[in-house]
Structure formats: C-alpha cells, structure tokens
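Next come two complexes built around subunit A: one with subunit B, the other with subunit C.
Let's look at the complex of A and B:
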C-alpha cells in the first residue's frame, strides 16, 4: 500500500511540476516538454491504480489499456506541437523564447 | 425497411466522415465532391438515428459485442441527437462555403499555390474534426470522451494554423497547449473517478455515483479542464487570437462547433451523470463566471475595431449564457426547461455564429480588410452577405422568432420562477449590449453615406454568399419548431427494444 501511494504522490508531483513549468517557462520547447511531463504524471497515477495487494487476484488490466491509448495520443500531439513550434520560429523570425509576446491580441495571459 | 432498424447505424456518423477524411487525404482531386457526398451521407445517417430515436427511445451500442470495461460503448440520448443534427446541418453549410471561399482565393492571381495547398489540407482536417465531434457526442464512457476531446483539439489546432500567417501560427500553438492542458486535467479527473468507482461507463456511473472526496476532486479537475476548453471567462484568453486569425471557414468551425463539444461533456457530467454530487455553491460560482463572460465579452466586442475580432468576442459573451443556466437548474421542477433552454442557445448560437463568420470572411475577401469604420455601404455590393449578417445578429440579440429568443425566454422564465431574478438582469443586459455590437456593424453595412465610393465586387460563386444566409435563416426559424425539440429532449426512457444489429 505504501509503494502504491508513493507512485500516486510521485505522479501528482510530476503533474504539478509540469503545470508550473508550462506557465513559468516562455520557451516553446520547454512548454512542450512540460506538457509531456504532466501527461507522464497522469499515466503514473493511472498505472498505480492497477495495483492489487499480493494474493488479492490479478492486477487490473483496464488502466494499462488506458495508459497505452494515452501514450499514443500524447506522442501524436507532441509531434503536432513540435511542428507548430518549428513553424512559429520559421515564419515569425523571432527566437522561440520571444515569440510568446508576439500575438496581436489585447488581453494575453501575461 | 429493416436496414434502417439496424442498431449498427449509430456507428455511421463516426465511420462516414472518417472514410471521407482518409479519401480526401489520399485522393487530392475533387476533394470538394467527396466532402459534399460525405456531408450528405452523414445527414442521412443522422436522420436515420433520429427516426430510430423517435421509435425506440435512447439507444446503446457495444462495438464488436465487447462488454464494458474493455469494449467501446456508444450511446445516443436526446441532447446528443440534437448536437449531431446541429453538426450535420452546420457541416453542410461550412462545406459549401469553404468551396466558394477557397475557389475565390485560388482564382486570385496572388499566391494561388499557397491557397491550393491550404484547400488540399483543409478537407481532410475538416472531415477528421467532424469525425471526432460526432464520436464525442456519441461516446458512452468517460475515457473515450478524453480520446475524442484530444482528437478534436489536434484537428482544430491544425486547422487554426492553416492560414500560415505568423500570428495564426502562434495562436494555433497556444491553442494546442491550452487544449492539451484542459484534456490532461480532464484525464486526471477520469483517473480519480476510476480510482473511486472502478468503472468508466457513463450509465453505470450515474447509478452508483455518490458524493465523496474522490468524486469532488475528480469533478473539480474535469470541470477546470473543460471550462478552459470551452473558454469560459476568465479562461477565454486563448480564444480571440486563435479564432480571429484563422481562415474564415475555420473560424466558423471553431466558434460554431468545437467549443460546443467540451461544453456538451461538461453539461452531461454536471446534470446527468454526477447530478447528485453538485453543490449549490458550485452552481452559483459557474453562473457568476458566466455572467462575467456575458458582460466582459460584450463590452470587448463593442470596443473592437475589426469585424472578425468583434464576432470572436461575441462568442465569448454568448458562451456565458450557457453557464448562466447552471444555477437555474438548482430548483427541482424546472430543470427540464433549463435543459431545453441550453440546447436552444447552443444550436442557435452555432448556426448564427457560423453564418456570421462566413459573412465576415466574404466581406474580408471582397473588400480586402475588415475595419468596421470603413465598411459603409457594403450592402450595395454584397446584399446577401449583409442580410445574412443582420439575421445572424438578430439571433445573437435574441429577437423573436429566433432560436436565441426561445433560449433566452426559457432562461428568463426559469430565473423568475426559481426566485433567482438577479440572473435575469444579466440576461437582459447582455441582450442590450449584444444589440449595440450587432447594430454597430449592421448600420455601417446598410447605410450608405453620400460621399462613399462603392466598390465593385469581384465575380464570385454563389457558394460564397448563400450558405451563410441559409444557416442564418435556419437559426431564425429554429424558434418555430421548438416543440419538436422539447419532445426529443423529454424522451429519456427506452420506448421499445431495437432489433439486434446485423453486425458491421
């Protein structure tokens, strides 16, 4: 039970760290990495859900199916985000770190 | 007519656009005709589902005969059916308009290679997005809802980036990140639900869900994620740049359909599945944010100098109305009315906003800019488009007999009968503000000052103007067929058993 909770806490910690980095870092690549860390955190919690105490029967297969689906989604979304980040850099002649301020709208998140 | 009674029809709205998207991607020629054929086939399948629904009541289907938890469950209930119908009708309009829009841009001498490329990528992405939306409305378990949410965000972000302008690239990137953050928060909520109950199926969850700390945590996370994706004030910061910088058909899709997907999930979770665990404080908080969205969005819309940004901020404001409905459901005996009101607001806004973005796109292409100041007398050169814009505006203000009027009327009645009259003030104030930002543009379009030079418009296909008018008129007449919608929404019990599926 202790190990299980450790996994849960680690997962939530990763989620929180990713969330912090997503807002704190302005570099586009770092933002993509932050989202990836967040999803790893969620997957870790999900995997820990499959845990059953020794002798209490087989482990639960459903979270594994969910994590596999989630990884596939996460990989494809990361690919799209990377392509978009490259396009941002190519078209805007800005370094990736500056591009955040280059939107033409009045109420950005800053 | 046994073929129309097969339970496998529920899969058709997902499979048909998927096949179409793949064909468009592989074929690359005559893609418009593929898309048109697909949108008509989709309408046929949704109509068949409507017929089955009226005969047999809500439907359930297990893909490939696999049972939960490993199988994929689909279900069709009243609200989902109306959302499917809305997407099918708006989709046909968008498909036709996109053809007119792209062929006009390709016929222009400048950059026509780039425009051809944009059109080539538009069709597969649009049909994929359509697939994802239909799947979202039909999904029967909370994990598949996550997958469909992600599919919607991926295709929507790619569509938003299609225009190729630097501003749209940045907006699309940010849009993708925000969508991902929303989806991940939702997924973490799903994990908590699974930890607490060990099931994912919506129907089973509705039966066993009881208030508790696990469910509170899950609901908070899922709600935050979905609110971010639905762009409820103050989480709307990503919406204006993403919607305003996209191509006109894409803006229509994003504002008219995509935000409705996450709202649909949120509403189902709050009022169908976990209704027993929702506290009055949470409802009031959401209502307050909705009121903020109505006021703030309308004020921003009034301030804007560019037509497209004005229409975008009006989306922020109109989404607010959907959330004002939340606290009104607290009274037991009127919740059915609130359901009807929300469905009406969603449908009317979808049709009207799609039409408005199409009209704004046509004006932009013909005049070459969308500065509201300089739009005087456009009616002379683009009468149908100006008319479509005005009718869509009537919907946003909520004048009878439009769908927006019925929605607001039902909300007002609910607010007064439940004794929460303060919400009715916001609804009325929002309508007044909406009339300001609608008439600000409409008066420009229709009044021609003497000294104005009327530009001759370039020749264009009727597809560029008529779809907007068609959708705007549907939104206007929605109020006249209101009783049928209530009938569909009130069918919650299974009337008769459907013949077992013939396999797929």
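Let's look at the complex of A and C:
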C-alpha cells in the first residue's frame, strides 16, 4: 500500500508542477513540455489506481488500457503541437517567448 | 545573456499574479492528494467484471479485451485522433529533408540494416502476443514507429522521394478496417462495435495488425514532420510562393 500511495503522490505532484508551468511560462515549447509532464502524472496515477485492489486479487485492466492508448495519443498530440509551434515561429517573424521579445536577445538562443 | 535571463528569472517570483497562480496550483494539488486518499480501497475496480466477461471477448489477455472489445469506442476514437494528428501535420508543412543528400556513415547504415528488420519482427510478435499476454496494436505500432524513426534518422536517400499514395493507404488501413468492423455490427442488426461470437478472436487480431501498421506509420510520419514531397503538387505551390514573397 505504501508504494501505491507513493506513486499516487508523485503523479499528483507532477500534475501540479506541470499545471503551474503551463500557467507561468510564456514560451510555447515550455508549455508543451508542461502538458507532457502533466500527462505523465496522470498516467502514473492511473497505473497506481489499477494496482490498488491488489489485495482483493487481480489488477484492474481498464486503467491499463486507458494508459496504453493515452501514451500513444499524447505522443501524437505533442508532435502536432510542436509542428504548430514551429509554424507560429515561422509566420510571426519574432521569437515565441514574451520575455525574449522584450529584451530582443531571443534570436541567439535558437 | 544567460546571466541576464537568469536575473530575469530571479525577479519573476515577485510578480503577484504568478504568486497567486502558484498558491492556487499548490491548493489544487493538495485537494487532489486529499481526494485521492479518501477513495476507499475496496469500493472500485472493474477487474471482476472484466474477468466475468473475458471468455466472451475472444481473446485471453484482459487488457486487449478491454481495449478492443469492452471499451472499443475509446480505442476507435483514439485511432482516429492519431489520423487527425497526421492530417494536421501534413496540412501544415512539407517534410523538412535537408537540401542535399547526406552521406550516412557505414556504421550507422549497418546498424539500421540490422535493427530495422528485427524491430519489424518484434512488432509483429507483440501484436501476435496481444491475444494472450501483454502486447497488442499500440505496443507493436510504437516499435514500428521506432523502426521508422531509425530509418529517418539515418537519412536514407529513398525516404525523401517516398510516394504519398502508399503512405496514405497505410495510414488509413487500420482506422478504416476498425470502423468497417464496427459498422458491420449495425448492418447485421446488432449494436455498434459488437463482434460476431466465434469470429471475434480472429477479427480482433486482424484489427490489431492493421492498426499496428497504421500507428507505426503515423508515429514515423509525425517524426518526419510533414507531408511527402510529391503530395498535393500544383495545388499548394502557388499560395506557398505568394506567402514567401509577401514575407520577403
């Protein structure tokens, strides 16, 4: 039960950290990374949930199936978001991040 | 410049809105943790239900049974999401291959020649194994996608001239077959996504193998980052050129 709680706690903490980064960072790449970290946290919680009724007998296959498809879907969503972010950068002629735009030193970072 | 940006980051926490967001996120996380610990241990779990209907699903692995039979809706829609992601990427850009051919090192070529067939074999084995053990379309597809990424990283010359039509057929075959089998239920007078009893095992295996091919191709083309070179020639050329001129 202790490991189970630990997994749940880690998953929820990852979710919270990702959520904060999603709000706080203005750079699109960081937002995409934040969403990825959030989804990792959710997957961790789901896997821990599947493991929970271990004492009763079997492992619950329903959350497993959800995580299985969720991982592949999150990969594809990340790819689409990255392409969109590249497109934003190409078409909008300036750097993605608000702070970099203000200091005008964003170009050298790429 | 790094020092400057670091200094900026240090100044950040004094932003009152950011502090508020931080406090709200911490509060939300604390609430979630509290809610998580108040869930009773014994009250939930669909394992017993899944085990009860397992013999009627046509496969022996409970995860595959849930994935393709009991929760077929989810999987069908998720396969469609993958397809939509590829459509989105293809409609945005062409695959950004470098202008002139790069000479791949012989060590890398040897590794690719050794690993790519092996990965295809492992993917086929995983799909086959999905009916009774851990494995299935998504795992096999992920490994196929890895093989595709390996080929793309090696920058083999035939990849940049790959034709669009076979790729499109490969991307569509899994979702369309799945959708066709799902609609077959309606045509035969049952509900959507119900499989005929004695054929369900082989139908699930067929769905899994076609979906694995599609998922692998999807992941590889997402990694390539755009449509193939011969896709939609003539239709997009003029607007793209106009846009480039405008930008200049």
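Assume the second predicted complex is superposed on the first by the 92 of 110 C-alpha atoms of A that agree within 3 Å, B and C clash if a C-alpha of one lies under 4 Å from a C-alpha of the other, contacts with A are read in each partner's own complex, and residues count from 1 in each chain.
Here is the rule we use: contacts are C-beta pairs under 8 Å (C-beta built on N, C-alpha and C of every residue); 3 or more make two chains touch, one makes a residue touch a chain.
All values derive from a computational prediction rather than experimental measurement.
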First, second, both or neither for A:75, with subunit B first and subunit C second: second
First (subunit B), second (subunit C), both or neither touched by A:87: both
Contacts of A:39 with subunit B and subunit C, given as first, second, both or neither: first
Touched partner set for A:15, first subunit B, second subunit C, both or neither: both
First, second, both or neither for A:31, with subunit B first and subunit C second: first
Subunit B versus subunit C as contact partner of A:65, first or second or both or neither: both
A:5 touches, of subunit B and subunit C: first, second, both or neither? second
Residues of subunit A at both interfaces, subunit B in one complex, subunit C in the other: 15, 19, 45, 60-62, 65-66, 69-70, 73, 76-77, 80, 84, 87, 99, 103, 105, 108-109
Touch list for subunit B against partner subunit A, complex: 69-70, 143, 146-147, 150, 153-154, 157-158, 161, 164-167, 169-174, 176-177, 180-181, 184, 187-188, 191, 194-195, 198, 200, 237-238, 240-241, 244-245, 300, 309
Residues of subunit C that touch subunit A when the two form their complex: 1, 4-5, 8, 12, 18, 21-22, 25-26, 28-29, 32-33, 36-37, 41-42, 44-48, 50-51, 62-63, 65-67, 70-71, 74-75, 78, 81-82, 85-86, 88-89, 92-93, 136, 138-139, 141-142, 215, 218-219, 222-223, 225-226, 247
Contact footprint of subunit C on subunit A as seen in their complex: 1, 5, 8-9, 12-13, 15-16, 19-20, 23-24, 45, 52-53, 55-62, 64-66, 68-73, 75-77, 79-80, 83-84, 86-87, 93, 99, 103, 105, 108-109
Residues of subunit A defined as touching subunit B within the complex: 15, 19, 22, 28, 31-32, 35, 38-39, 42, 45-46, 49, 60-63, 65-66, 69-70, 73, 76-77, 80-81, 84-85, 87-88, 91-92, 99-100, 102-109
